[in-house]
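Working notes, structure below.
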Amino acid sequence: MTKRKDITPSPEAETKTQGSAAEAEVATSTGIPRRAFMTGTAATVTAAAVLPNLRMARAAETGPVKIGHIEDLSGNLAVYGVQKYHAALLAVKEINEGKTLKGGPVGSGGLGSMAKFAAAPPVMGNGDKDLKYVSDGGAMTGAGMAFVEDEDVLVDSGDSGLLGREVELIAPDGQSNNNIWQQLTRRLILEDKVDCLVAGFTSAEREAIRPIVDQHKQLYIYTNQYEGGVADSNTFCTGAIVEQQVIPVVDYMIQKFGPRVYTIAADYNFGQLTAAWTKAFAPLVGGEIIEEEFVPLSVSDFTTSIARIQAAKPDWVFTLLVGSNQSNYYPQAAAAGLEYPMASTVNMAQGYEHRRFAPPSLNRMYNCVNYIEEIPTVRNRAFVKRWYEMFPDDPYIGQMAQNTYFSIHLYALAARLAGTTDQETVKKALESGLTIEAPEGAVFLEPSTHHCSHYIRLATADANHNVSFVREWPSIQPWWLQRVGVNLVKHKEYKQYIPDEDPFFTMFAK
Amino acid sequence: MKTIIGLISGGGDIGRTRVFWIGFGVIVLLFLLYPTQTSAFRVSNVSYYLLNIPLGLGMALLWGYCGVLSFGHVAYFGIAGYTYGVIAGNMTENPLGPLAGVAGGLLASAFIAGIFGYFVFYARVQKWIIPILTLVLTLLLETFLGQTAGYQWRIGSVLLGGYNGMTGIPWFQLGGFVFEGYSFYYLCLFVVLACYFSLRMLVNSNFGQVIVAIREDEVRTELLGYDIRARQWVVFVLSAMLAGLSGLLYVQWGNYITPSQVGLLQAALPVIWAAVGGTTSLLAVVISAFTLNWVTYTLSSQGNQYAMVIIGTLLVVTMLFFPRGIVVMVAERLGRLTTRRTAPSKP
Amino acid sequence: MELNAAIETRSLNKRFGGVVAADNVNFKVLSGELRCMIGPNGAGKSTLFAMLCGLESADSGQIFVFGQDVTRTQAFKRVRLGVGLTFQTNRAFHDLSVRENLTIPRASAKQENMEVGQARLAFALDAFGLDPNDQTKAGELPHNQLQWLEMAMILVGYPNLILLDEPTAGMAPEETQQTAKVLKHLNSTGLTTVVVEHDMAFVKDIAQTVTVLHQGQVFAEGSVAEITAHENVRKIYLGRA
Amino acid sequence: MDVMPLVLSLLYQFGTGAAFLFLAALGLVVILGMMNIINLAHGELMMIGAYTATLTYHAGVPFWLSVILSFFVAAAFGAVLELLIVRRFYGRQLGALVVTWGVSLVLGQGTLLFFGPFLPSIGIPGGSFSYGDFSFSAYWLILVLISLLLILGLWWLYNRTPYGLQAKATMQNADMARSLGVRTPLIYTLTFSLGAGLAGLSGALLAPTVTIAPFMGQQFVAPAFITVVVGGSANVIAGAVASSAILAAVKTPIGMAFGAFSGTVALLLAALIIIRIMPNGISASLQKYFNRRAGGAMR
């Protein structure tokens, strides 16, 4: 949603609604003329939502808890959508079997995080007399995990299903078609009346359904990694965002390979925004974007781009390519003998390019991810094992699949905390500083921005496409929305912020 | 008035009998009463089936009556939709904003169609090349719109939005009255009926006869003294504006549009509606556009993966066994039955 | 250029690939004339017609219609100067009704010729036995009527000059005679007429002057008697006819 | 930077660009250019070729053999398509356009349902070599060479073999050809099947460079049609060669200077302008030019 001014409500429109303060709030901050929202359904839903005795008002607290789930099970994006669908099935099955991921309102950090700690405490003061200074004592500072890794983070929930009700997954196919996404969202909200909506791969899909979500104040969880900036009271973004992925990898790559960066990005919101972040951040760590190229999603012949990269002679290439056409870049570049190191935030962990393409197409690829199937921790190995027991034929478990998996558990956690599936109450529970022990590590849902901190890992592929990890950041916060002043707990908002609204993006550029 | 009735019921479309008009009236009445009998969700869905009809009618006029096939009419659908989004989105404080958006959208699609039509018809490009060129144009538009994700692509306060599309497009409003929900349904119904009747009048007018003559034999028509280029151009622009009208209703319906609306898959849909219904009848295309939208929408909202296979098969079967369109051929069969039955009673 | 020339071409050239369709053609028809054009197949008669009415552009040379240089004029504009043309293969609108065939040309009728034009049309419709309100599809008419329909169609435009490409092809003798009668009558009202024909009897019946085309060139021109007497014409054309 | 490597790189890009367009258009040259069938299932024929090559390659067949196999599989499929469907649409261009679109929908979605969203790719054969700052893929040079061979082969087929002469006669005047004893239905089937086979062949040749997915054909449709339409039907082979060369010549420098998007736009605009100036395509204009010159010389 962009910056818009709104129409002042006219008096006759005011009388038509059943006096809903919450609704006026929606209207003034979305930018859609407020009268637009006054369908009968919207008015009733809102009215119900603001009633104090909401648990009584909702007679529908019997029968199954409905989780709506839309992903692309066919069409161009099916390679990602099927994984996410399977993740949802797995999570729902576990909830119904009385299991849950560990977690609760314990704040950032979770069960543990990477930390520096003193092996032995320093001695305060000189002898026991003067406590004014710290001695040089103690052992060398060590670094390591500040917790003992659990066998598994999946534990008994003490609940049968969710609040004693069975959880039902309603998961129609979005068919990689934004129109169908809109239809399905309307259907799930108006006809199926789902308690929670978990949906969306591309930003386009999310932006297509978000106005509908806001119109009906539907609790919505978007589980994909994306370009960041969504500040929406009804939406919870559980995927990693640019500041969590781009900045670490750019920092690492500049230190390791050199300052001259060539960015080749998909020409749509995600690519454009991620490139903007890279451009803004590179100077801070001594880098320089020598050239940016945006490639239409339909392009599959990269001969010209490869020649341009060769002419520019960068130290490394930042590839933000998306979709099946653009995946062709890797084999083409390899065949043309392009040997620059590459970095990305989108490949391997999503579309398992390192499994699909013949080696060594992805040799020297560095990828900053919050999850990748190859993570060697015990809890992840247990998760992978559970997954393949249920779906033995699946080719890969991607980053977004893991996000969907823990997000549904997170929803269950919040609903148990709220003691109800009433959406407004669950939203408040989600804003209570929840941590969940996901397969990647501890994930903290930051209340004021509705985004998550993540355990970020830098993975790299070698000439045989074996994955190894070169660096880990146990908890990176989503900080940009806080920087621009978003606090959804205090002020409701329904928009997506863009880099233009923050001087950060021009501050350090040369 | 008499001439208007004469024009409406002239020979340019199927359905001219009293029985037909009674049936037509009953169906319109059912559509008028429908919202009282069902949920807001269903009404919104039916609005969607209705709003696509002008696009189909434009295709019938251009392809069926004038013999020019455009494979890229969704380009004008998209141009009108985006223009409306930009204008109305910038004028949200002004109640005339949406009206200005509608005017701007129609003008923009007419303008682009005018330039493109000039290139094509005044160059006397061979007829079979036109579908390819229109397809190229719409793909070009899709590529262009798809790369407007950057924030330099801002018109006033509205972002074009690139592949993510343009969001938050305002509803249509007249004065202080906002068309959404039920009123939007009636707006769609009104637009569809208005388009249908005006086009019926058009195809029965002298102009309509000449464009049919152009379809039948361009050279012969030109050698009767008609500037066929100008007439093809006019029809092209007109049908582009019809496509634009659908685009306007579409963005008002979903408050949203993306570049994929002008993509390859969407581009084929109006052609399919026209071919399945029967290009040479406006009513047939109205029926098939409504039905096919209903079928695909229902299949897809059940998450059916076979929707495209079904549509494709339907298209092949139609072209093989009903080359003039299912609705047209069924109507002819019915017409023959009724005339046979009524013939003896006539003196 | 003489003012009373209905058609005049100067040094007209046209090639299709290696085939010469018009080789330096200088051809003139005076207003009010009834001219026949003959020549063996491939002599360039139809190409000349196509160039006269603007369907083909000449490689070089000039064309004048009623004194106006129309060399670069679009076909429909030439028609509006008062030119009507029928094709060698019938091109009435076969899928449309007779009535529609006869109403479609009406909107482009040359209004200054209305009076005489209406009379000519009425005469032709009557003589051909065509009903302007007939709802049958043109394609269902017998062949001769279809030919006559196309002639009537161009008369609806009230032309000053008609170009007919083999109007009697495929007609029975009495139908040919009827056609000749109508053409002679129309010509007597001042309608300039140019006819391409193979049927020499028909040519002898109607023509005042005959032009012979051969290999894209005007081979001979003269009265019917002169042409039939012409030694070389007999050799290249009549001998085979 | 030295000038020579840059020039060489531009030449290489031009060669690969032209080869890409020519290969994309290859099957269409025959089906659209000669038979006048607007075949919107062209992309899916290429997809069939690519799928055949990929599946056989991963089953252990050597790459070049799998390419040849894919020609025959696509050709056989083309023959079936012609006999069942296309046959009824000769002379009905727009009907053919719509029906082939339907076929392409069924093939694309059907492949998705049957084979899933992706097949594993084929590694690009051949290595790379470098000159100055630039390095080049050997495989693309091989593709350029193959394109040249295919041009010669097609020319030979249609000008020097009995089938070619009969096919040319049939396409120009089927009735006349039939009266001369040509079995025209067979010629139609053979020609369509040849076109389909060539489309499959180029699909297989391009397979290592693209993602093997059900809708992979769509990316070739627009370039293929543009190339054939710009080339014109007066002399399809020469036309396709000329138009792929011209379009690549427009696209390469602009793409190199301003990026891939500008290159694509330049190509599409160039196509629109060429068609405005030469409605019958480059080959018709070339023919006219040569005729006029020949005419001048004769005089």
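In order of appearance the chains are A, B, C and D, and numbering begins at 1 in each one.
Just so we're on the same page, a contact is a pair of C-beta atoms (placed from the backbone, for glycine too) under 8 Å apart; a residue touches a chain by one contact, two chains touch by 3 or more.
Please read all numbers here as calculations on a predicted model, not as lab measurements.
Chains making contact with chain A as well as with chain B: D. Seen from the C-alpha centroid of chain B, the farthest chain centroid is that of C.
Of all the chains shown, the one with its CA centroid nearest the global CA centroid is B. Per-chain CA centroids place chain B at a distance of 33 Å from chain D. With centres defined as mean CA coordinates, chain C is found 43 Å away from chain B.
If you average the CA atoms of chain A and of chain C, the two centres end up 78 Å from each other. Looking at chain D, one finds that residues 109, 113, 261, 264 touch two or more other chains. Of all residues in chain A, those touching 2 or more other chains are 74, 267, 294, 296, 298, listed in ascending order. Contact residues on chain A toward chain B in their complex (touch as defined above): 1-7, 10, 12, 30-33, 35-36, 39-41, 73-74, 171-175, 177-180, 182-184, 186-187, 190-191, 202-204, 207-208, 210-211, 267-273, 276, 294, 296-298, 498-500. For chain B in complex with chain C, the touching residues are 206, 209-210, 212-213, 216-217, 219-228. Every residue of chain D that touches chain A in the complex is listed here, in rising order: 1, 6, 9-10, 12-13, 16-17, 20, 109, 112-113, 116-118, 120-124, 126-130, 133-137, 139-140, 208-211, 213, 215-216, 219, 251-252, 255-256, 259-261, 263-264.
Against chain D, the residues of chain B that register as touching in their complex are 63, 69, 71, 119, 123-129, 131-133, 135-137, 139-140, 143-144, 147, 264, 268, 271-272, 275, 305-306, 308-309, 311-316, 319-320, 323. Looking at the complex, you find that chain B touches chain A at residues 39-41, 44-45, 89, 92-93, 95, 139, 143, 146-147, 149-151, 157-159, 161-165, 167-168, 170-171, 173, 176, 178, 180-181, 254-256, 258, 260-261, 265, 297, 300-305, 307.
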